[in-house]
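For clarity, chains are labelled A, B, C and D in written order, and residue numbers in each chain start from 1.
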Amino acid sequence: MTITPGTPEPVTTAGDPIPAPTDPIPTSKATPPDVVRCAYMELVVTDLAASREFYVDVLDLVVTEEDENAVYLRSMEEFIHHNLVLRKGPVAAVAAFAYRVRTPEDLDRAVEFYTELGCRVERRAQGFTKGVGDSVRVEDPLGFPYEFFYEVEHVERLAWRYDLYTPGALVRIDHFNQVTPDVPRAVKYMEDLGFRVTEDIQDEAGTTYAAWMRRKPTVHDTAMTGGDGPRMHHVAFATHEKHNIIAICDKLGALRRSDCIERGPGRHGVSNAFYLYLRDPDGHRVEIYTQDYYTGDPDNPVVTWDVHDNQRRDWWGNPVVPSWYTEASLVLDLDGNPQPLTTRTDDSEMEVTIGADGFSYTRKGDEAQGFKLGAQV
Amino acid sequence: MTITPGTPEPVTTAGDPIPAPTDPIPTSKATPPDVVRCAYMELVVTDLAASREFYVDVLDLVVTEEDENAVYLRSMEEFIHHNLVLRKGPVAAVAAFAYRVRTPEDLDRAVEFYTELGCRVERRAQGFTKGVGDSVRVEDPLGFPYEFFYEVEHVERLAWRYDLYTPGALVRIDHFNQVTPDVPRAVKYMEDLGFRVTEDIQDEAGTTYAAWMRRKPTVHDTAMTGGDGPRMHHVAFATHEKHNIIAICDKLGALRRSDCIERGPGRHGVSNAFYLYLRDPDGHRVEIYTQDYYTGDPDNPVVTWDVHDNQRRDWWGNPVVPSWYTEASLVLDLDGNPQPLTTRTDDSEMEVTIGADGFSYTRKGDEAQGFKLGAQV
Amino acid sequence: MTITPGTPEPVTTAGDPIPAPTDPIPTSKATPPDVVRCAYMELVVTDLAASREFYVDVLDLVVTEEDENAVYLRSMEEFIHHNLVLRKGPVAAVAAFAYRVRTPEDLDRAVEFYTELGCRVERRAQGFTKGVGDSVRVEDPLGFPYEFFYEVEHVERLAWRYDLYTPGALVRIDHFNQVTPDVPRAVKYMEDLGFRVTEDIQDEAGTTYAAWMRRKPTVHDTAMTGGDGPRMHHVAFATHEKHNIIAICDKLGALRRSDCIERGPGRHGVSNAFYLYLRDPDGHRVEIYTQDYYTGDPDNPVVTWDVHDNQRRDWWGNPVVPSWYTEASLVLDLDGNPQPLTTRTDDSEMEVTIGADGFSYTRKGDEAQGFKLGAQV
Amino acid sequence: MTITPGTPEPVTTAGDPIPAPTDPIPTSKATPPDVVRCAYMELVVTDLAASREFYVDVLDLVVTEEDENAVYLRSMEEFIHHNLVLRKGPVAAVAAFAYRVRTPEDLDRAVEFYTELGCRVERRAQGFTKGVGDSVRVEDPLGFPYEFFYEVEHVERLAWRYDLYTPGALVRIDHFNQVTPDVPRAVKYMEDLGFRVTEDIQDEAGTTYAAWMRRKPTVHDTAMTGGDGPRMHHVAFATHEKHNIIAICDKLGALRRSDCIERGPGRHGVSNAFYLYLRDPDGHRVEIYTQDYYTGDPDNPVVTWDVHDNQRRDWWGNPVVPSWYTEASLVLDLDGNPQPLTTRTDDSEMEVTIGADGFSYTRKGDEAQGFKLGAQV
């Protein structure tokens, strides 16, 4: 086809640089570990049977291994031991955001990198979870429990096992999403770690509400969402197609569990992906996600969204429920205790966009109309 | 597969008979016309260019014919002249709900049937719209402008013209939806006219909030929704698959017109169809709809939904925006004047289900939990 | 959108009347039974366990009931007892093509209709299969075992049971397809029975190769395919969407049973549906089918396809394997013995279209090119 | 879900190392350029108007720029100037397989790498095509015209422009496929260039028929297919979902151009992707492709397929047409003259698998059955 330029006006805008943080984390002089991708999350759950039922019987993740304290789960196209660990514990929280690195030597780099930043670092030759070997866990400068590993047990990649697929099959882990008070500070640190920004949300004053960052060439391996933190906003799994996500909703309805659908399904503005947000029995948020775009070129264009653009979070302008902005999971330190929260001091995205004090627009310059028929959440 | 009965408990319940109306419309002694299907709606629009742009450029309906006062539109699989007429007029309203009948003689039956009911009846050998021949229009006992016709111009059925399909192609007109104060009264009259109920919404006291009725073997050709009436709630077009409906939403986002999405997309409980509600430039509501089920057997099971079941209107429990309950289009009498409204005196579905005065449940007997994370519309 | 007429030239042509048969079956003076739809097929299978495994474990049809001699299966949206009966027997064949009729009285009409035609008729108040009551079976004038029934046990319609859906879920029985030597003769009889032609395949001389006929408003409840008969060509089940059919193929691959895929998936020219043909363990052919179009209007346009149009059987011009033309299942008389076959004397569709003696074109008038890159089956 | 190991037996087998080549290309001592991805192909076409019509009007690629000699096309999610150049010329052929590299300095590395291998190398600061800057083209050791570039003009990424999407929208360039006589020799050279094998086809004697290799983490950026070469087998573009590929077939049918469908649609065994092969007006082969899997981990498991496994090329066992094995496009040297072909001396995949001299199985050990009902191509 041939396109008439500028009709309609571009839906996205060229990336505005995220402002430098006012209180930056120093740049480590050490070479960072070469992160390949987000690989698994370790979730602490308070009722292992209920969580197992949710992730195994409802969401159809595959059990690689389990015992009375933990269930190790993977997606259909995965060949490493797990993408999710459910571990029984007294407080619902996240014990690790785990990244795969390129070589065994990257573990040495991880130790150096974080040691130089003054972080607590722990290395275990036998790993922190079953199926994973030599691993490094740190309490990172933002307070998150990050893990780096290379050694891992290979298991059958079930990609061709269509006899096992279900209508809502989850095929890959896609990304993490973290809540942190100062997004520019987090971004600068993550860039030092080798991540690159693909999209972000700002306002005209440069206040940054969220940023998406990647190693693998998708929109993200993790995102930083502005809010009281450190907390875990969600972990996301990918499906092949959009109808798979709809099938998950339909199944939840049939099971009379539609109340675990928090938001969606919908189309994101940011990432251009089709999405759904669920809440597990502990309230941990899980996103189901499909069809973002390739970002692997070195000069991949960054997209900056205006915080007041009502299509940034949902391309169809459907409302974001307040709980999605305010609720998130605790994260643990390396002793297993919840990290205390630091309050966000920058503006809150929820407050500047919805309710009596905020505003959003469908068409820039057309703010007077309110943003949505009937959407006065 | 083999099913273990009763696990989970049935999601729908056997039809409860809709109570007899307290103020019934008498049964006409005449044989009713044999209605084949809902065939087209004539909409009066206040800005013909804006409406044409919405239905032709955005929704990709096919122009069969047009002049300065009217646009005649059809869907991709249609072979009759039109499924929608946009006619320029001073007040946004519906001029006709038009049904195809089986034979030319059914027009005589329509005249007799409505004459005996004391309704105003007008017959025009040349039809009321282009492309349609001998037709009968009536002001029916509920105040709606109903049309019956057999003669119609055939046009190319574009079903095989995949060079013309767009991602959100509308392939059939599916149904009408009418607002009327007394649903049992409307149902009894429609049954006299030959329609059959497929699903309905009631409460434990038998108050009936809505009923779906069909001639063709889908869930409906029209539905009666309780509210101040006569008004037109929506007209619905079908797509082939669910992704076509998502494509319409995506296109509206790209055009910065997402604010015409009123509700959805979602899965209905009633009808089991995948849906989306849009509002056209005059506020007329259009549903996009796909995948209900075959209802053509004489003993097709009626499904009755509990008005408090939060999955009846949206199977995923997503909230229904208040405008969807309260707003609807005026309908015209045969002189082209808006019909006055009669107020519903039975309970309002919106009031008994949402907000401070209503309640809904996800699981019967589990009402205490509220109905949805964050869905406090 | 607006269409420029005639660009490209119409893909289908107006229906050419099917020639009158030279050896017609007399028209019964009795009123025919009012057939609602094709409802179930009774298949005789030689290895019940193998057939059960195919239909239940591979195709995921739902077991309503079973014993050591028979399995009663239904589709996800069905509410009557079964759509398919697998009955153990010595010779793979079809014991009944069963149609639902509108009223109990239609059984009397069936008896009269066929008695007057000189056919063998048997009526059983308790039915011929479990779950079905008062029924009439006949050896019809073409030699097929037709059944008519009204009384039937209702079972749970699983339409909303998304916890039970599988990726390739079959949701409805759609149609039968019968092989008979003289298509015009068969059509005339079926029209007497109340069926209407929707599409057919002819050549310029009027030789008729196949015809599709309906009662419910889809393209067909049964089709007549020219060939030695009476035989059963296939029974078809519908899915919701095209990806469901692809999922069945993918599963067959995973099970290392791809050799039961005989033809497809593809898009039909005739019917415009997306299709797949499988062969069960006895060689009975099953079609999986989705997305034909509404045909319920009394003047629904008939489409006649040129037998030499290479897109009539597969819209993408993919080759039809010879077995699809030549192989079909025996049918039984009311004593359970296979009906002898009568040879077709008209031209064979296979011979006039493929191989050294036939020809097909992609574009009319462009016959010289052969019909398909590499498709020299 | 929980999986019972080994039921059915694994559909794929662990990678067998591809044998070392008997006549290896020496390993360059220079550091290879860091290739990011396959980025565009330059095709020489003999009738520019006909080719433009095919790629722009039928396949809906986006025209970035054009003049009387060339058309520059991109896919919907692309942000670089083009993914395909159609250039008018006397002989249909491929002028360049172009790869994006990570930095401008990688061009120096490309020059060194190929100079040391004794290849002809040409560098142009202004690029070889519009929209691309400093570039290196080489006649590589296998005879292919490879290009490496970093500098490129950015254009609008149309990912969010759903007003422009068509039912068969191509969203990314996915890979190249090259025909070369000695696959192990080609693989060794490509590994030296930094590519990694993801899947391959071998027989029990180690004869290697094809290998897939990647830089970006999909199954491939290019594949090496055994045959007389150097030739170009195909260039592939990705869609979002499977129905998009079906829509392309449907459109070709509507345009009466189904004879450009050479093979498919189908599911590949190798890559697990859904595919379609078309032939453009010059016979250049284009694949449409969707849904392979992530391969970015350093120890991504290699999958080796048995050449006799009838599901390796089509997971559903559908036959591969002979033209797909035998026909391919010429490639040009840097003067624009077609490269002479070297004959493959190893066994031909076609001859060992189909026809009188070959065999394939659906189930290993079950060879006697032939491989497919009716598939005697």
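Keep in mind that, in the parts below, contacts are C-beta pairs under 8 Å (C-beta built on N, C-alpha and C of every residue); 3 or more make two chains touch, one makes a residue touch a chain.
The UniProt protein names, listed by chain, are A, B, C, D = 3,4-dihydroxyphenylacetate 2,3-dioxygenase.
Not measured: the values here are computed from a predicted model.
Trainee: Quick one: which chains contact chain C and chain D both?
Mentor: Joint contacts, listed by label: A, B.
Trainee: Which pair wins on C-beta contacts, A-D or A-C?
Mentor: Greater number of contacting C-beta pairs: A-D.
Trainee: On a C-alpha centroid basis, what's the spacing between chain A and chain D, in Å?
Mentor: Going by mean C-alpha positions, chain A sits 33 Å from chain D.
Trainee: Please tell me the distance, in whole Å, between the geometric centres of chain A and chain C computed from their C-alpha atoms.
Mentor: The computed centroid separation for chain A versus chain C comes out at 50 Å.
Trainee: Identify all positions of chain B at which a residue touches two or more other chains, and write them in rising order.
Mentor: Only 8, 11, 160-161, 163-164, 166, 241-243, 250, 253-255, 269, 315 qualify.
Trainee: What residues on chain A touch chain D, complex-wise?
Mentor: 1-3, 5, 8, 10-12, 36-37, 56, 60-63, 77, 79-80, 100, 102-103, 150, 154, 156-161, 163-164, 166, 171-172, 216-217, 240-242, 269, 272, 291, 293-294, 296-301, 315
Trainee: Once bound in the complex, which stretches of chain B touch chain D?
Mentor: 160-167, 169, 241, 243, 247, 250-251, 253-255
Trainee: Hey, which residues of chain C end up touching chain D in the complex?
Mentor: Those in contact with chain D are residues 8, 11, 241-243, 246, 249-250, 252-263, 265, 267, 269, 274, 279, 310-311, 315-318, 321-324, 362-363, 369, 371-377.
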